[in-house]
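Which chain is which? They are A, B, C and D, in the order written, and residues in each are numbered from 1.
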Amino acid sequence: MTFSGEFFAFMALALVAIIGGVLLLNLNKVVHMVVALIFTFVSIAGVYILLSAEFVAAVQVLIYSGAITIIMLFGIMLTKPYDESEAKSGKWRKILVFLGVVGFAFAVYLGIYNFDIQQVPTTLHEDNTMQIGKGLYTKYIIPFEFVSVLLLAALIGAIVLAKREDKEADEE
Amino acid sequence: MSSIPASAFLALALILFCIGLYGALTKRNTVIVLISIELMLNAVNINLVTFSKYGINPSIDGQIFALFAMAVAAAEAAVGLAILMALYRNKKTVHIDEMNEMKN
Amino acid sequence: MENAWLIPLFPLLSFMILLLIGKRLREASAYVGILLTLASLVFSILVLFERFSEPSYLAKFNWLTIGDLHLTAGFEVNQLNALMLFIVSLVSFLVHTYSKGYMHGDERFHIFYAYLGLFTFAMLGLVISPNILQTYIFWELVGVGSFLLIGFYYYKEEAKAAAKKAFIMTRIGDVGLLIGMILLFWQTKSFEYSEIFNAVEAGGVSNTMITLTAILIFIGAVGKSGQFPLHTWLPDAMEGPTPVSALIHAATMVAAGVYLVAALFPLFTASKTALLTVATIGGITAIFAASIGLVQTDIKRVLAYSTVSQLGYMMLALGSAGYVAGVFHLMTHAFFKALLFLAAGSVIHAVHTQNIEEMGGLWKKLKLTAPLFLIGTLAISGVPGLSGFFSKDEILVAAWEGGHPVLFLLALIAAFMTAFYMFRLFFMVFTGEKRGKQKDVHESPSVMTMPMVLLGILAVVAGYVNTPWFGSFLGDWLVDGNPALGHSHIEGPAWIMIAATVVSLAGILLAYLIYGKRSIAPDWLSGKGDMLHTVLNNKYYIDEFYKLTVVAFVTGFSYLLRFIDVFLVEGIVKGVTGIVQGLGRTGSKMQSGQVQTYGAVAFLGLAVLVVIYALTGGYLR
Amino acid sequence: MNLHSILSILVFSPLLGIIVLAIIPKAQEKAIKAVGFLATLPALLLSLAVYAHFLAGKNLSDFSVSVPWIQFRGINVQEPIFSVYYELGINGFQLLMVVLTSVISTLAAIGACKFIKKEWKGYFMLFLLLVTGMLGVFTAENLILFFIFFEVTLIPTFFLIGKWGYFEKEKAAYSFLIYNGLGSAVLLIVIMVLFAKTGTTNIEMLKQMVADPQLFKGGFKLGLFIALLVAFGVKLPIFPLHSWMLRVHVQAPPSVVMIHSGILLKIGAYGLIRFGMGIFPQQFEKLATLIAILGVINLLYGAFLAFIQTDFKMVLAYSSISHMGIVLIGLAAMNEAGIQGAIFQAVSHGLISALLFFLVGVLYERTDTSLIENLGGLAKGMPLAAGFLLAGAMASLGLPGMSGFVSEFMAFLGLFKVQPWIAAVGTIGIIMTAAYLLRAVLGMTYGKAHREFDGVLDLRGVELVPVFVLMALIVLIGVYPSVLSSPLQATLETIMLGLGG
């Protein structure tokens, strides 16, 4: 391992991403949490660039840092998230889940630690977007179309669900 | 060629996944639970993209998969929030431990 | 003799015919039974005469195959079998005839004859069996025949109880026989009498085993022959119709125990202990039953106890190695006891009561029955000249020569008692004043008296086939060609015969003085309320003793087991179901509806699995 | 006709009846009863034909059939890793059980026409399914097929008890299902372990492969055998596992109890002999003493408890437990006499208990009670029924000349050779059997009538058929046992060979 610029970039991005994640768990206000999350999402986009996936990085920024975060913020604003009533059975579960997560992480880490994968030179960074485009419209055309159907369904579903029913509107 | 080993990326993904998992399983606020799930999806995406670069047969497929995953995640976030709104209208709460309509 | 197998089949045929169409035949059923038993009788007589001149005959076929073992069934005609065939078919024929009068008007007339047929079939089958297994099979069948006939008046609670008791008590003995038989089989690899004897003679069986099996088989005989301590069923069995008592509980079935011991005599002689056991039990039974007979007031019960006592005599004879004496007494006893029972039946038929205290003065009214009864009484008392005298004398000699002075003494006392209670019975029934309410007493029809006459003749003359004076024809014939059976005639000191005569005459005299002439008050010996009398009247409290011990134990143990069954076994079951139910309830409570909790639990499970996987690297090893 | 297909026709012929029943309207009572009865006849005739075939001296293996059925392949393996065949076959022992099954099924169908008062259509459909299952159990040549048929018997019985039974029918049905379900779960585990280890479930092949010490260690085999003992012990039932069977006997309708007591219990004995003794002979030998003791416990426990029961059905239920003890006693002897005795007992008890339960059904139908103290003096009103009841009791208590004696005798004959002391204790059971049966039967038929039985009809018409047939068979076996023993000799030889005898 050499201390190249690439390495430092990765370390920085990883650090920001993890700090963002930790803050997500520990901040008090929901809005702050979401903001912390934006940091994570953006640094993940950076990691994508390191992995020679510029297009994915771009999409990451657009969808996650942009769209999803905004949706979440709307969600927060439309509800009353500041209800501070105490959880009933929080503590033990938190400890147990924490232990479970640590154990899980440890187990998977053992796998990763011993994982030595061969590297071959790649051409992914050359015309990355074009490669993706070719992939999507040739080999993956059918899944792609399905995704469009899925998105449509989600769109309609979301509208139906979130729309106030007339009756309720009358009542209020 | 990269100087960073694949395991570094995988480890990052693992950490993020675990954070997301922990959040999803412990947070009371449904919005945060949803966000945590997004975080887990992101961690998975990192893995996908990592393996599209590393390995014996690097190819663009991993990135395409990551894109698909993002599309699905977006759809999921939208529907999830819609359900959340509907629930909130009925129960006036966003706390997940009070949503126990499936009880018994 | 090749056709001897037909003999038992005639009564079986009668049984089947009557069972199927008896209802339509009504009282004509009697002819079916009488004719078919007559056929048996004729064949039996033919076989008996044939056997005088020809050697034994044995035929068998494969009955059951168990791997390499082949169990056979068949029939055998040797001296003992031929004699028994004759006795059984004769008595059976006579009883069949007699019953036509006695059972006249009974609603289930045909059933009675069917049962008689079944019993006769089984009894005849028993006596021609060539192997112990087949003997056992018919042994049980006669038990059933007896059971059915005792319980013939099924609506009487006493009859029901007596039938049940008879079956179960004899079954206790039968189990002894079964065990003995099986043990013997594994020792000798055969059920055949001849092969068993060969094996025993060749020393192939250890002494302990011989003793054990012999005693076990003897237990079977004890049960069937009403020997002490399994005798209590026999007096109770008098609940059955009187012809049945004559046939089964006097002449044939109860003698089967004696027959069994006689048939297996070589086995018994191989073990001193076994013989001594047989003799002792026989002796005890003889005096024990006789003493109870002293005070009974039911005419049939007196006869029943006398039967038990006489059977004890036979056992005593066999146990003292007096094979001939035992078989001889078996024969004579069959005749005079059947006669006594039939006569008693005739009396009961006339006066409709069994209580001798309600009888009396019947000598004039029952012109034929009374003398016949007297003949039987004289014969059983051992008055010289009649059959019982000769056979009883043989037994006393055998007991003396067998080296059992105590048992000899017991037998002598029992002989005295027998004479006494039999004449007590006779005097109370036939002499003196009329007691109780007797209305239109009349003699039984000839269909009932003719068999009695025939038996009366036999009761007189049957003894002359084997006497110390005119030669021991029967004895010579019985042991012919079979040295294991002992001597044909045992020469005993002359004083024994005199003693026996004196003793029986003394008994008669005493009975005459008390009950005939009434010069001695009946409570001279034992006033009512006296302890001895109470004990005797209650038959030594044997029944009560069994009730308190065996029956109480079985019942108590059953209740204990039920307690276990209900509380322990069921309790465990209930416990298990309770646990399952509890788990289910807890589980359903855990269904809180909170998705997050579900997820957490699912994840924890996954985490545990993954950790295990990581630590162990795959399969649990 | 092709002999190979006969067994399949035999086993599945009752299904034809189900199809016919399905198109008959519910209300046509007579037609339904007729079809239900007729559908049991092909199996009866065929099984008798097979028996005749045997009597003619021909080989029973003519009938065996083996067709590939289910196969599991690996990804790149042409040879199947595991393959299950559809295998039916018959040997002497199986032949007896098949004949017994078909006879009792037919008679139970007659009984059902009398005793079942509602919803005949559903009853007969389930009943015929049950018959198929039982026939299949006794002809299956591999464990998986056996298990499937075994389960096929379970489910219809559950419904038959639960729907057409008496007052506590649901409870009885559930305890039947739970106990037997657990039993068959254990059985399934054993089958799967054997299958996974050997790759075959064919019984003959398993016999050889299990004997191979490299594949199976002794302790492991012992464990498997104990599991089998438990699985079939529930069915038999062996002492602490018996309480379900009491409920079933008391609550189920008589025609079902005829089948249940007559055949289903015998599956336990069949399984123990065929699989326990066939596949694990050494282990059986090791546990022989234990099995003998269990047998004696069963025998005495059942007998003593039967002695104090007030309900005649309970007496019969405990007497079944007691009689199954004799099966165990015979098996534990591990010699020809004992095993043959056990098989005889299975057949003979099947016939006897079918007879007795049929009579109980008749009594119950006429008098609405089976309590001993409520009956009494029945011989007056119903002489035929009382007579047959007594005869049945006599057969049951082992009266010579009837089938019960032969089996009891052989079982004890066998055990006395190897375990005389245990056997001697067991003989107490013979006395107790007489005591409790006479107490019960005499209590019902003899004595004073506790109430008027004037209006009560005796056995009549079609009711006489099962009674006569069963009685005739009982007497036939008792008088001429070779009818049973001759088909058994070859089977016994094979078993003894396995035992190293």
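The rule is short, and it goes like this: contacts are C-beta pairs under 8 Å (C-beta built on N, C-alpha and C of every residue); 3 or more make two chains touch, one makes a residue touch a chain.
Predicted, not measured: the structure shown is a model, and the values here were computed from it.
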* Considering C-D alongside B-C, which chain pair is linked by more C-beta pairs in contact? -> C-D
* Asked: Based on Cα centres, what is the most central chain?
  -> D
* Asked: Roughly how many whole angstrom separate the Cα centroids of subunit B and subunit D?
  -> 61
* Counting in whole Å, what is the centre-to-centre distance of subunit B and subunit C, each centre being its mean C-alpha position? -> 94
* Centroid distance [mean C-alpha coordinates] between subunit D and subunit A, Å -> 66
* What is the distance in Å between the mean C-alpha positions of subunit C and subunit D? -> 37
* Going by the touch rule set out above, which residues of subunit C reach two or more other chains? -> 600, 603
* Asked: Which parts of subunit D, given as residue numbers and ranges, touch two or more other chains?
  -> none
* Of all residues in subunit A, the ones touching two or more other chains -> 93, 97, 101, 104, 108
* Asked: Chain pairs in touch?
  -> A-B, A-C, B-C, C-D
* **Partner subunit B, residues of subunit C touching it in the complex** => 588, 591-596, 599-600, 603
* **Residues of subunit C touching subunit A in the complex** => 597, 600, 603-604, 606-608, 610-611, 613-615
* Contact residues on subunit A for subunit C in the complex? -> 93, 96-97, 100-101, 103-104, 106-108, 110-111
* Give every residue of subunit A touching subunit B within the complex, in rising order. => 1-2, 4, 6-7, 10, 14, 17-18, 21-22, 24-25, 30, 33-34, 37, 40-41, 44, 47-48, 50-53, 55-56, 59-60, 63-64, 67-68, 71-72, 74-76, 78-81, 83, 85, 87-90, 93-94, 97-98, 101-102, 104-105, 108-109, 112-113, 115-122, 124, 128, 131-132, 135-136, 139-140, 143-144, 147, 150-151, 153-155, 157-162, 164, 168
* Can you name the residues of subunit B that touch subunit A in the complex? -> 1-12, 14-16, 18-23, 25-29, 31-32, 34-36, 38-39, 42, 45-46, 49-50, 52-56, 58, 60-61, 63-64, 66-68, 70-79, 81-86, 88-89, 92-95, 97
